[in-house]
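For reference, the structures are reproduced in the following blocks.
Below are two complexes that have chain A in common, paired first with chain B and then with chain C.
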Partner chain A sequence: MAKTQSQNSLGKSKGKRKVDRLPVLKTYKLYLNGGFPRTESGRSWKIEDLNGSTRAHLCRASRKDLRDAVQAAAKARSAWGRKTAYNRGQILYRMAEMLEGKAEEFTQVLQWSQKRTRRHALKEVEAAIDRLVCFGGWADKFPQVLGCANPVAGPYYNFTVPEATGVIAVIAPDAQPLLALVSLLAPPLCAGNTVVALGSESQPAATALFGEVCATSDVPPGVVNLLTGFRQELLPVVRDHRGVDGIHAAVDDAEERRTLELGRAENLKRVRVLDAGAVDWYDPRECHSPYWIEPFLEMKTIWHPSSS
Partner chain B sequence: MGHPKQESTVPSLESDKPQGAQGEGEAASHRFDDLAAETLWDYAPAPETVSVPVADRQGLFIDGDFCPSDGKEFFPSINPANEEVLSEIAAATQADVDRAVQAARKALPGWAALPGHERAKYLFRLARRLQERAREFAVLETLDGGKPIKESRDVDIPEAAKHFFYHAGWADKLDYAFPGRQVRPVGVCAQIIPWNFPLLMAAWKLAPALACGNTVVLKPAETTSLTALRLAEILQEIELPPGVVNILTGGGETGAALAAHPKVDKLAFTGSTEVGKKLAQSAAGTGKSLTLELGGKSPNIIFEDASLDQAVEGVIQGIYFNQGHVCCAGSRLFVQEGILPEVLGKLEWRLKSLRVGDPMDKNTDVGAINNREQWQRIQDYLQQGRSEGAVLHQVGDSSLPDRGFWCQPSFFTGVQPSHVVAREEIFGPVLAVMSFRTPEEALQRANNTPYGLAAGIWTDKGSKIFEMAGRLQAGVVWCNTYNRFDASSPFGGFKESGFGREGGLQGLRAYVKLQ
Partner chain C sequence: MVAMRQRTVDRVAVDQRALSFTRRSIKREAKQTGLKLALSMVDLTTLEGKDSPEKVRALCRKAICPAENYPEFPSVAAVCVYPSMVPVAVEALAGHPVRVASVATAFPSGQAPLAIRLAEVEQAVADGAAEIDMVISRGRFLAGDEKNLMSEIQEVKQACGPAHLKVILETGELETYDRVRCASDLAIEAGADFIKTSTGKVVPAATMGVTLVMLEAVRDYFLVTGKKIGVKPAGGIRTAKQALHYLVMVKETLGDSWLNPELFRFGASSLANDLLMQLVKQMKGKYMAGYDFSEA
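== the complex of A and B ==
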């Protein structure tokens, strides 16, 4: 593996052996509306590994990219919400299958800019796979757990059903770049929301790579959109964008939290901001709960008279 | 059923005739035919005679006691039906807010630690005592707020009692409400409520908060403090531990001070979207949890295959109930094109029989507008609707009293979707009537609003009901009925009508932390 790793490096090979074949390097791009465009701004930033070698150049998404992503997500919303829950569940499961197949590549990428063993990185990938499986399973069950029939005092049939909120912006923290991203994205997604996600800023490659998982899993275009970029530049746009209906974020910084929570004042966004350091991302009891889906559901209560 | 004039516009569940019944529609159309030829009868006054004494000056309720405000400022609470001053109410200051929040904080550990079944018994007691004093509260509510006595008697007070009774039963069952999670109270809750259902909104806020082990500082609306303060008497009677509920009277400044208080853990607000957004701004980054129940511009949609008499009755209930001071009022009526003339005819006929006037008269259908400011706002909207080219219809012939704030039940035709009366919440007895051709068009136009509180659908076709109900962006969808409420039925909106639910299982969520 170490061999592949060094061969993937953009910098000059540190291998002692003579390179007999020049490797084909991957260009990392945004994942937007089902395609892989570069940022419209043409900007990129360099990702180095712990030895200071350049690993890749990532697209630095602009406000315009974010707006385009929201537009794509808004357009995709109705069809995704109206797919059967069974179908959405299978698509999330398919994402897990694809991620499993790419586990090796993700494991490598996760070791680029963080000092961790291969085993440790693989553990993160495996937890992310399990998370997708879990929320794939929730897709056709959470309405039964979170909705109900209500015994109103009168001749009415009355029931409460959860519906997806709409377009959810996901803001992933720096640490656990794959697992946290998937943990924040899968719950709203399984319920029929569409997602615009901004990945880890310090380790963005996993986010860009995750687009390949979505693109090969029958996720319809626009349902998941993945951006790499700088929080300072993009968070205020998320906050102010009226096409964004909710925010699912984990941050370390109090000011970032406040920025995102101000989104409520803009258009009553549904905002759930976690303290990134306080979440045990590996704990299924904490992270596999339907109460991670609930903030991005609208409870609809339907009345009808019942009489003959 | 008697003369249609006597038909209640009140959505009381107990007394309600089931809608959708086959025979009902026929009976209604016969009445319509018979009556079209008749002149409408006059009614002798039927005033509610119970008199309820009101203290000249009223203060705050903090830490289990009625106490004077730290400041010297009082504001009058008037009867909107005759503009007479009922009482002078203390305007709570920042120091009062501090005192009340401190009392709530002090009471929190004890109240939260009480076994659920013990907390429950306080709430059951509260519900029972409120039922016992129901008539007194109904009269006081009508005096202070201007709503017809039959509404406060049949809806506001009994529903408030029901809310306490319903939530009492949850107090010891919270572990079953949130499977797989341990339930903890959120802490000290600041609750700010509006003037349209003063006691009922207090009950909506207090009952779930207390059942879940939270303590509360409640601020009633400036124009309707009286029933909340009288509820404090009941809190004393039932021996609720001091500090568990504190009540601060005052206006917007008091509300803002309470909302911004750093020792408050949760903020619950019912009111306008404008104020709700300001509160969301002040809460950002503070760690406070927030639920908002805000405005609406709810669509009521009648299809050609609906039972039209029932539909028109539902439209009347939807918009003229409580003078239209209802956040979920069905203020946009969409009628399928082919039946528009017939629906307008029936609407006009039915409006003629609505009795507007003395709220204390048991026959009154539409009472006084709650306050002068709101009255002026409604007048402005009526003016604006006409100047934008819509046609105003005020067909009622009730002669309005000389004093007080009154508005004839009104509807506009010739309304364009871009008109202000079709877009903005009026919060008065004003309906905007529009037409549509296809279900798809009805859906698009109904959803074309930043609000998403409620919606009504009238059709006899089941599959159409579910298709529409599924695609309307509204937190409450009434099918072949309108303006029904129940303690077990969650209420709250999509989009800019707020977030969080009140009532039912889902309503508990706002008042618990899950671990």
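== the complex of A and C ==
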């Protein structure tokens, strides 16, 4: 993929500055199965800033990248589900730590293609960090809230225990590319699901960068997979893929919502599609609820004989 | 014929040639045909200490009808089991064209006295195995004892009677292409009906490179004698894409007449399900889940 950035630091045409070194620019790639591959299709698209300057070329993921991501996520399910809830919480907290360390880089990337102040971009990064901490905390607590001991007429204990659903596809909206992505990804993740996420289409760089957070946070390979690409191309594949067990999405377009909801008819996917414009992503009362986890759980009821 | 065994193999050229077969674009009808052909060439294999009669029966059911909802898909070529499971497989496959193959000769090491190995072969054939997969004594071969090894293969061939003999070279232990070529020539001369890459118990198992060397040995033997020998790569072939690469290699090395289960097989356990998933994807345009197909 072409390396693009403002070439000023090369000293090419600005006065008589001497070239002392070439800057090493970042190549943004997909995050798949713990690695950073380019898309198998070889396609990319240009990300420009508000001045029309090219800031990066992003991988345009294909249906085959999505297929590979689902395959990796399905393979990672058992290992992620076997980890203790406490350990999953620690790993989400570690993701928050890594995001904190890269806050400056994320703040810059979030300012590329949106007219927003540095303060506003930083606010989004900080809210995303808090969201990871929140769902890291929920990892070993939501079963107490969403599970229960049921009163039954007989000498039995009767428990309802939540378990992870499986592979969840996350579809992030265009606005708040980092915060919305994290808000949609963290709830199913903390419960033991594995995730294949398609990031914001208009501001995808934050999604590609978030792969670096996952890669340095003890998230096992395949548990989180991040794609950048076009919704029109990939949503029908998500809908029809029988290996995807659930969809957690926030979209603006009614047609996209319909496409995703049809996924229920294919293999009884758990589908939660939010109206992206109606969600206040910064409101902890709205977005820190354990009921963001609940759609991606299967409830198992256990009967056990009691002594009386 | 002995002169043939003194060939040396250009490793770089073989690797480059093998790599070139992975760059063919096979789409639509050709892909569907290739996937179905590959499925019909699979030797569905279970070679584990925990194999039980019911596991073998389940494998046989899958061999006859690989996907319940798609009866139009072909059966696989054979079921490959340990000798103790041959009677179970023969009973389960009675009346069906799927053949029973048995590994023998102290699989996978081959480290048992010859008399015991021959008795194992005779027992498997008596129990109804139509194909015998023998392992060569790699230790003797690497020590340079080619003459003795040849006579061993000949004796096993005799013990097989009407059953087909596949000779496993265990290429992962032979290490160089020169030795793979030499062992291939030796096995063919000794009377093998098939030459097979690996037991599946040693890494690396089948690779495109070693399989190409073996295909070339078969080609050269055919050009001299007119006799067709089969080839079976085994172990490590897990995806439909890999299987298609192998089919391209066979077609471009030996020609169309080798593209049938009588002369080319895949020794694999997980390959069949990936072939099925890709076949259904081609038909319906949707990706399937792993649980859509039985595990056996």
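Everything that follows uses one rule, which is that the second predicted complex is superposed on the first by the 285 of 308 C-alpha atoms of A that agree within 3 Å, B and C clash if a C-alpha of one lies under 4 Å from a C-alpha of the other, contacts with A are read in each partner's own complex, and residues count from 1 in each chain.
Throughout what follows, a contact is a pair of C-beta atoms (placed from the backbone, for glycine too) under 8 Å apart; a residue touches a chain by one contact, two chains touch by 3 or more.
For clarity, every value in this text was computed on a predicted model and none was experimentally measured.
Once the two complexes are overlaid on the shared chain, A:K102 sits clear of chain B and of chain C alike.
With both complexes placed on chain A, chain A has more residues touched by B than by the other of chain B and chain C. By the touch criterion defined above, A:N267 reaches both chain B and chain C. Judged by the touch definition given at the top, the superposed model places A:E294 against chain B, while chain C stays out of reach. By the touch criterion defined above, A:R258 reaches chain B but does not reach chain C.
When both complexes are overlaid on chain A, the residue A:R55 reaches neither chain B nor chain C.
Residues 266-267 of chain A are contacted both by chain B in one complex and by chain C in the other.
Residues of chain A touching chain B in their complex: 145-146, 148, 150-156, 158, 160, 245, 254-255, 257-258, 261-262, 264-268, 270, 285, 289, 291, 294, 298-308. Residues 13-14, 16, 18-21, 162, 178-181, 273, 276-278, 280-281, 283-285, 290, 292, 294, 450, 452, 465, 469, 474-481, 484, 486, 488-492, 494-499, 501, 504-506, 509, 514 of chain B are the ones touching chain A in the complex.
Across the complex, chain C is touched by residues 67, 70, 74, 237, 240-243, 266-267 of chain A.
Every residue of chain C that touches chain A in the complex is listed here, in rising order: 285-290, 292.
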